[in-house]
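Just so it is clear, A, B, C and D label the chains in written order, and each chain counts residues from 1 on its own.
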Amino acid sequence: MPEPAVEAVITQLVIANRILAREGVIDDFGHVSVRHPTNPGRYFLSRSRSPEIVVREDIIEFTLEGEPIEQNGRAMYRERALHGAVYMARPEVNAVTHHHARAVIPFGLTGRPLRAAFHMASVIGHKVPVWDSQAEFGDTNMLIETMEQGHSMASAMEGERCVLIRGHGATCCGSSLREAVFVSVYLKENAELVLQTLPLGEPNYLTPGEIDQTRAMLFSDMAQTRAWDYRAARAGFRGL
Amino acid sequence: MPEPAVEAVITQLVIANRILAREGVIDDFGHVSVRHPTNPGRYFLSRSRSPEIVVREDIIEFTLEGEPIEQNGRAMYRERALHGAVYMARPEVNAVTHHHARAVIPFGLTGRPLRAAFHMASVIGHKVPVWDSQAEFGDTNMLIETMEQGHSMASAMEGERCVLIRGHGATCCGSSLREAVFVSVYLKENAELVLQTLPLGEPNYLTPGEIDQTRAMLFSDMAQTRAWDYRAARAGFRGL
Amino acid sequence: MPEPAVEAVITQLVIANRILAREGVIDDFGHVSVRHPTNPGRYFLSRSRSPEIVVREDIIEFTLEGEPIEQNGRAMYRERALHGAVYMARPEVNAVTHHHARAVIPFGLTGRPLRAAFHMASVIGHKVPVWDSQAEFGDTNMLIETMEQGHSMASAMEGERCVLIRGHGATCCGSSLREAVFVSVYLKENAELVLQTLPLGEPNYLTPGEIDQTRAMLFSDMAQTRAWDYRAARAGFRGL
Amino acid sequence: MPEPAVEAVITQLVIANRILAREGVIDDFGHVSVRHPTNPGRYFLSRSRSPEIVVREDIIEFTLEGEPIEQNGRAMYRERALHGAVYMARPEVNAVTHHHARAVIPFGLTGRPLRAAFHMASVIGHKVPVWDSQAEFGDTNMLIETMEQGHSMASAMEGERCVLIRGHGATCCGSSLREAVFVSVYLKENAELVLQTLPLGEPNYLTPGEIDQTRAMLFSDMAQTRAWDYRAARAGFRGL
């Protein structure tokens, strides 16, 4: 019999899938996972399905190595390694997203650093590193399929909440699903803002002190609740 | 028992919230207030909630210092100071919006002046000043939370209807809710237009005389009614 | 008792209003008119209302001087002069649109010529002139309110189907409502395409011969029917 | 009596039409065809109608020369030659799309090569040739109406899945409808991404080895199923 805490987290995971689709962070490919609330050596992730159409029955429990507990014949995402590797390396992380939000990709393709230009983007932190699979693995199918690749990417995060993946997209994480979704949305929003700003000149980015103070405020329960309720409503989940 | 004038203004405030969400001026964060119709020392503002999902029951009455008259346990926006400060400084102002419309932010980030390039934007006036919290307050959480910060921002408006806030967004105001919403929408629309135009060359902006004459025409009851009815319909309020 | 031809053209005019709103050509301000099918000295135009919410009852019949036949207390658009002036000057024209589609405005603001870059845009013709109210009228409220202003703009069209209005928008026309709507949509689409192309280099525009041949093909009944049925369906009118 | 394989492929063709409309690949003009599943000398294509409103009854069977088997008075697309020519030249191709997706056109207009910048775009292959009707046919109505024009364009594809058509759009193909739709969507998405990236600098495109390995993975049944189910759901076909 499933625990109430597990039931609750699966509900949140379905909503997180729908939010990331609704906000244009994930389209056909990409995924979001959440750590098991009482067993830190496990996480939940949908079967191989686009987040916009994920339902409860699609959620599978995995070991951190990416082995399904009960697969029941369901196809699985091939990039589970990136989720497991982040959970292994970062005990404070409880949710991971992986996406191809278009606006973030130009930064990985050109080496131009992606930095926080407006206060909402303080949640992406002081630095957004870039991981390029070429450096360590040469030509690949661009997926993060092996635990070795997952560890390499997780290590490249340098303890930050976001990492860009050259020619591919990004991985984001947070201490909760709400936080990981919030970070993913504002990584994209900030990238769009910087792309709009550069033709006018170099933006005056947030200072390190502004990032620290603003991020702390945005990760408060009040701010996280407001954003989650809004995005859940837009994704079809009203009156939470 | 609530006065009819108060009831009417609360209805308008709910519609204004929905319009600003529908038109992409405000997303998860941002807010809109209206001065009390018979008590100029008070204003109405939603509880801490994204404008897209605000309903009548969310509206709270505040003193200009930002103290709630009847809070009833509802969470409150943290940036009430910016509303109160504008109402204190500007007796002709009866509505205030605060938003993070993306297109306006590049101007605050680069120092490039934002000027009216097409007739609808005459409502933003002759000048859009920029307020930077760094100048007076150094590193902060980027919010306008204290009355001191609110007064600083209100003073930076220089009597205009809009002020950009560096790395954050903008505050707009008007003599009515309709006017403040109209100004907010066209501040954003004009910023998008200028961003599109700059790669082609320096735009031929409106002249001061064109701004004055066009603005007077756009603030006429006929123009304001047409725009409000349209935007209210798009936000789900038809047949006003 | 209204003639069937009049009834049919009013139905088409309501659909044209909704199409122009749905396709993002007209927002709160802007309008579309059609010449009376049996009396060339009259035209039909909505009362002062945004096209997205126009219904049959809003349609008013006007003389070419812009006098209403039966106003019935309905507020009227202030820029009727531009419609009448085009009908007076151009017997082959049976429909006129006036809009502020954002993408066309940068061309009027910078003097960069707007030319047809892809085959669908051949309908805008060989040249898109720019009319600037400053040249003849100095500082105004930017509207085309007098017949003198209307004649000036109509004359600036040089017999073409489109004219840009500096700091304002554009006027388009056609031999039918379908044609005028088609031209309006593709003036906007072509402007967006050219704005996207310029950062890559100067586009290789259509040749004069390509414009002539392609335009003739696109104004054929088959092409016009396909486009109108599509856009009407998107605007909520299916199964025409 | 229609064969089940034919019925199935017609269902898929209707869905493909709706997907291409929903994803913004095709608007009023453009089309998609599929080869007859048991008679390689025939293909299916809608009557002259915008893909967003195509239904089963619109589908017509054609010879590769573009002759209808049973026209029943239905108007036909004029550019059938491009479909037939690709099927004649490429036995491995079983579906063809033709569209005017805006983002791909700037590359045909400027000669800037369109190359795969992110992994999803590996499906467009190592090269996207450009075909210009001027070179062989001089001024035309820009359509590919004759088999001679069709053969010229098909030959210009050089065995690749995509070809840009100067001042017009693109033609894409695949071994199945799913594949041709997938390629069409990501040709557009990649073009948008490169347009966004160029202002930041020259992108670091995928290597040839990355293209080969990633493309093979994306054309796997699992990836194709995930993408098709997602896009079909968005187009209104849920629970396939």
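Worth pointing out:
In this section, a residue touches a chain if its C-beta (ideal position, glycine included) is under 8 Å from a C-beta of that chain, and two chains touch if they have at least 3 such contacts.
This is a predicted model, so every value here is computed, not measured.
Residue numbering shows that subunit A and subunit D use the same positions for less than half of their mutual interface. One finds 32 Å separating the Cα centroids of subunit A and subunit D. Centre-to-centre spacing of subunit B and subunit D amounts to 46 Å, using the average Cα coordinate of each chain. Touching two or more other chains at once are residues 199 of subunit B. If you sketch which chains touch which, the chains form one closed loop in which each chain touches exactly two neighbours.
If you check the complex, the residues on subunit D that touch subunit C are 27-29, 48-50, 52-53, 75, 78, 100, 102-103, 105-107, 109-112, 134, 138-143, 166-169, 195, 198-199. Listing the residues of subunit A that touch subunit B in their complex gives 117-120, 122, 189, 192-193, 196-197, 199-207, 209-210, 212-214, 216-217, 222-223, 226-227, 229-231, 233-234, 238.
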